[in-house]
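Structure incoming, see below.
A, B, C and D are the chain letters, set down in written order, and residue numbers restart from 1 in every chain.
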């Protein structure tokens, strides 16, 4: 770590972006000093979880070393500082997603829990037999199973927006799918398999016209695109800190105040209560109503540092970098005639999660092989089994990029794919 | 002791705490409200008797810490005899001051000046706010002809 | 931090206990190098959350710097290492609580969520109108509100085991309270306000005879006592890592396999699923069935280090230390005629969470005053409002100890209480 | 390439992968079971035809990675002609070996020897296990007269 830090200091601390230099950014991430099977780590699994910059680790260390206490209700200095750190990140998140109110920002464990809260609390109170719930065929299990279960419990019908052969949403019959019986439309802004960026603005408009609410699964979009949830008029947004440089164990549910206020909490305990007697209880106000028990205080503090790091880089710059790198990767992969890439071919329409298949080598064998070259990719259904089946395969290999990835990383991947053909004797 | 602490527990605040004003029950009340700081357990009862648009008499009873009791006592002292409009203005100024805003030059705070020390203790601000929030909510409810049950500062 | 580390190394690294030296233990906790209002920190708020030893911070840093990846399903080296770290702690927890099966150990956000899972999943499937749910008058909101809500939803009656003037459970009418209609008894093994250690073994036996299940809220007991949940035959146990040297954002639900297997999950998403199609879903096996979405991997890894630290000290030694220190504290407080202590006077019957009241000074003023002396205590209802009302007060001041507290800390507290009398001019 | 990798993808394993045995559908089957590794997407179908207590013929069809396909192929090769008791013993030995246990000296593993390399790749163990678990579950279900639907290794 020492020499890493020294390099960092020599190169001037926090990144300022005039030109976006992933090689420079890599230096902020201690994990890139490690090797895998004797090779430098090439991390292409950021859609699963991202690596963490030193400043995030330092914030955790600082939190536990100097401020650690339980939040709220505490009158001593540590408790005050811990509460301030926790609530400061709430405010930062509110800004980050377009300037919403801090009380509209609820800390959860992850995106999955955020979506579950809406499906359970809002869903069970508002969705009835004969209603419709609309999702898409490209949803992650986190934005599929909660709605499947809600439809089972309520008798509402679960409808899917289909996808085209190109991996885009098929909006040709959208007016039939989202109809006046539709209570909520829940969809991902960016697919974690196809990379597809969905036209959420358009869908939100259609849904709202039909009187339906919209939940955006932002697990893949918020880390990679500038997302202004206020401009989008989405009713709910869910995402996870660990996919955007932040720590594990903390996620966000954003909801419009008017809806959150009417919703019942789903977990009961300390913090979320205003008054309890032996026979009655009154909930606390927003946002604490939804935050039962001791929260992940250190996680919130560190997530604040991650957001600051991203803001210093600038979400526009991040998108531009990823667009370029995705274009480059698609080009390199297209040149390999034994590789089939899924999802949109136009880099403007997608992010940098790229699922592909080798004509002969099974994704698991490929991932194991690439790992011995130090290249981390993921193989499997990426928690989107129905989509995977739809693609006509049982699993895919996925390479996914982030701010620290370089064209060099992509070159290594392409070389690795070629080598795999040789190793498994398909050439 | 630390300056901040002395600034919080000024003599005048402690005097109001130990000998709070407005503790005499009213024969008849025009406005009634209760306040609560659930996380502390502080509870407050407030009654106002009006004479036209003037506060004729006030009853404030607070079970709580020095800051919340003293703040309620000063409130009683201050608003007695004032018009509703004046009271609303003072309440807004005090609320602003506790939240860190500047106090307009033309306002004489009297004893309330001593609440300034609370600012340095963020978690105690809601103690000082309790009586003022209870008052403001009660007046707002009255204007709108709404019923009110309990105010809280959280 | 440097000098702290140096001292640590000079004194020989990880503590080995022949005699229990809290002064030595303090050196392992970086937070004790900080001052509060210019005074050395005296932390007496461990019932709210404990401080963290350097080894826990190092484990977090190491996790994010060398192993960070998403768990399960990952074929690359990092994913394998992250999964190993995550699952190793599950095994360690299983050992720590008496040698249960790892698949009976579920990672949650905190104790609160653990209790909620049982109340929602087991409760809603098994509790009916006319049934009884039994808790005690000394429960934390986390072990009260979920049952209050379950009783509302189901029409079951919520009954309370009363407490005596001494702060002990009143078992005189226990056979009437726990009757054949009782479906579950949920109680804390140690009160976070009174410190009372409850005779859970006896109550579990009574409950089981009547055919009722038992959930133990171990949030305060597991950190402070040797707890052998297998010997106790408890059906469920809930506790939080952050109250036992571990990080925030991670807790444990233990449940007997036969019950967990029949229970439906309450949160849906990735990891907890074995197979999803567009219209159907099959849950994963235990324990993952209850762990939806990306878990708090770093938290689990670091909790493992915390458990190891506690095991090195020995839970018996910890109990002995706390018994001595509690006895000392009770003695010192008893000598102050203006202080009334709540809860059992016999230190054998209690842990080191000591709530008390000054005859004249309000708990909040007292806590603010003590803070300026560097002493962190908590004031309020400690998330046990019904109990606080029962004690006839609106709030109390609570000092609570852990492995790093010394008689010196207690002396400072006693001196501080005397000084407060002078400062507020009651003497 | 790394030794571990070469040890995983031994020639013999790759040969079974590319030319798997037991792919011919049976006319008639006495035992049928399906296996799944849901997290990978691997799927396997297995049919056994008995002659008394001997395995007369076997059909194994696996859609999956090299390790799971090869393991299924070796299984077909190995158990054909053996008695149910022998098969159960081999299956237990292989399962133990994959979980890191020693293989008894008196057991000749033949091609199955090549599965040893999997041990170094903990996440791939379940690939190698898939066919064996499917077999063991099928035989156990048969003994207990139970119905069986799908086996999984997770």
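Assorted remarks:
Here is the rule we use: a contact is a pair of C-beta atoms (placed from the backbone, for glycine too) under 8 Å apart; a residue touches a chain by one contact, two chains touch by 3 or more.
Treat the numbers as computed from the prediction; the structure is a model and nothing was measured.
Path length between subunit B and subunit C in the touching-chain graph (shortest route): 1. When the contact pairs of B-C are matched by residue number across A-D, C-D or A-B, over half of them reappear in A-D. Separating the centre of subunit A from that of subunit D, both taken as means of CA atoms, is a distance of 38 Å. Centroids of subunit A and subunit B (each the mean of its C-alpha atoms) stand 46 Å apart. Measuring from the averaged C-alpha position of subunit B to that of subunit D gives a distance of 78 Å. Residue positions of subunit B touching 2 or more other chains, listed in rising order: 38-39, 124. Each of the following residues of subunit C touches two or more other chains: 37, 73-75, 79, 273, 275, 364, 368, 379-380, 385. Within the complex formed with subunit C, the residues of subunit A that make contact are 1, 30-31, 34, 36-37, 41, 43, 45, 48-49, 51-52, 56-57, 60-61, 64-66, 68-70, 73-79, 109-113, 115-116, 119, 137, 140-142, 144-146, 148-149, 158, 160, 240, 242, 247-251, 267-271, 273, 275-281, 292-299, 364, 367-368, 370-371, 375-380, 383, 385-386, 389. Residues 72-75, 79-80, 83-84, 273-275, 282, 284-285 of subunit C touch subunit D in their complex. Remark: subunit B residues 36, 38-39, 122-124, 152, 154 touch subunit A in the complex.
Of all the residues in subunit D, the ones that touch subunit A in their complex are 1-2, 4-5, 8-9, 14, 38-43, 63-67, 121, 124, 127.
Against subunit B, in their complex, subunit C makes its touches with residues 37-38, 362-365, 368-369, 372, 379-381, 385, 388, 393-395, 423-425.
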